[in-house]
Amino acid sequence: MAESWLPSLITATPQEGFELAAKLARLGVKLTQPSAEIRDRLRSDYDEDTGQLIAASQVVAVHFQTVAAANNYWRD
Amino acid sequence: MAESWLPSLITATPQEGFELAAKLARLGVKLTQPSAEIRDRLRSDYDEDTGQLIAASQVVAVHFQTVAAANNYWRD
Amino acid sequence: MAESWLPSLITATPQEGFELAAKLARLGVKLTQPSAEIRDRLRSDYDEDTGQLIAASQVVAVHFQTVAAANNYWRD
Amino acid sequence: MAESWLPSLITATPQEGFELAAKLARLGVKLTQPSAEIRDRLRSDYDEDTGQLIAASQVVAVHFQTVAAANNYWRD
Amino acid sequence: MAESWLPSLITATPQEGFELAAKLARLGVKLTQPSAEIRDRLRSDYDEDTGQLIAASQVVAVHFQTVAAANNYWRD
Amino acid sequence: MAESWLPSLITATPQEGFELAAKLARLGVKLTQPSAEIRDRLRSDYDEDTGQLIAASQVVAVHFQTVAAANNYWRD
């Protein structure tokens, strides 16, 4: 992971902030399971499992809380 | 997802803020499982499963915490 | 849900704040499963299941954190 | 629950704050399952189940975060 | 638990703060299951169970968030 | 663990902050299960289990929230 994959938390809009939060959730998995081949193979284990889809949404929610605070809730 | 689905976190009332939080929780699932057809098919897997209903409520709670802070708790 | 079910986060006491947090946790379930008849039928699935009672208490805890911050921890 | 069971979040010490957080975690269960008889009967379902003991500790952690903020982390 | 087991949240370093967070996570279990003999007996139920090790790490993370805020992130 | 493994929460970039958060998540496991030999042996129990990969990502998310706040979201 030499390349720059998280230069900033600042985004132009809440929507971009939410997409960044989803990226951070995926990055959290990537740092634990670096193999893209394995992660792709595992997709079918969760993408129709509602319990895991809800759990994944929870991770996005925590990251979105961080990104929203970083952007002062896009109030400026 | 080219269209604008999250223009702002600011809402007029706590109730609208809570509804936005529920929308964000669903969006977190949508970004992980983009297929509306699959998400609709999966509904019966959780909408009468109390463990998953509680977990979904937890995701709403985290998002509502974010939205409430964004709106300064509607104290103004 | 046309009626007003969340006019404010401000409460007179921490106790009322905790009760509001419990209401918000239930509202999170209600927004996902709108049928009162189904929710009532499902009660026996969790009200003697300690894992789910703990998970429900977690949702109340997140909402109470939000309500407490909204009320400046009732320090005024 | 007419009596006053949560007059304040302010405590003299972090230790009292942690005990209040544990009380709030139990209150979250009590509001969902009001019957003391049932809650006592269910104790053996979790008090030697490490998964549930960890989950209960998580609820205490969220409430302690709230109580600690309420007391300005007992820095005054 | 008459003795003083949580005099302060203030620590000299982030490392001590992280160790305090781990102590708080264990204290949350101790308040729910006061018997040291039972807690010791149960250790083998989780110390090689990755799901529970991850859940325990989550509790430490919430407490560390509290302790870090209490210490102004050791920036002073 | 005499050596210094957490000197500071301050990092130069969000990316380093995210990597620190992942380190903290692993440290939370290490404090609960100090044996590197056991932790290595257990890796295969979670590194292809999507439920646990999501749960691990959640722990990273909580720690990243802490690290991001410590660094004032790298806005300076």
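Order as written gives the chain letters A, B, C, D, E and F; numbering starts at 1 within each chain.
Methods note: contacts are C-beta pairs under 8 Å (C-beta built on N, C-alpha and C of every residue); 3 or more make two chains touch, one makes a residue touch a chain.
What you see is a predicted model; the values in this text were computed from it and never measured.
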item: Set of chains adjacent to subunit B and to subunit C; value: none
item: Chain copies touching (subunit E, subunit F) - same or different residues, decided at half shared; value: different
item: Centre-of-Cα separation between subunit F and subunit A, whole angstrom; value: 15
item: Where subunit D and subunit F are represented by their mean Cα positions, the distance between them in whole Å; value: 27
item: In subunit D, residues with contacts to at least two other chains; value: 46, 51, 55-56, 58, 62, 65, 69
item: Chain-level touch network, classified as line, ring, star, complete or other; value: ring
item: Contacting residues of subunit A [partner subunit F, same complex]; value: 4-10, 24-29, 31-33, 38, 42, 45-46, 49, 51-52, 55-56, 58-59, 62-63, 65-66, 69-70
item: Partner subunit A, residues of subunit F touching it in the complex; value: 13-15, 18-19, 22, 46-48, 50-51, 53-58, 60-62, 64-65, 68-69, 73-75
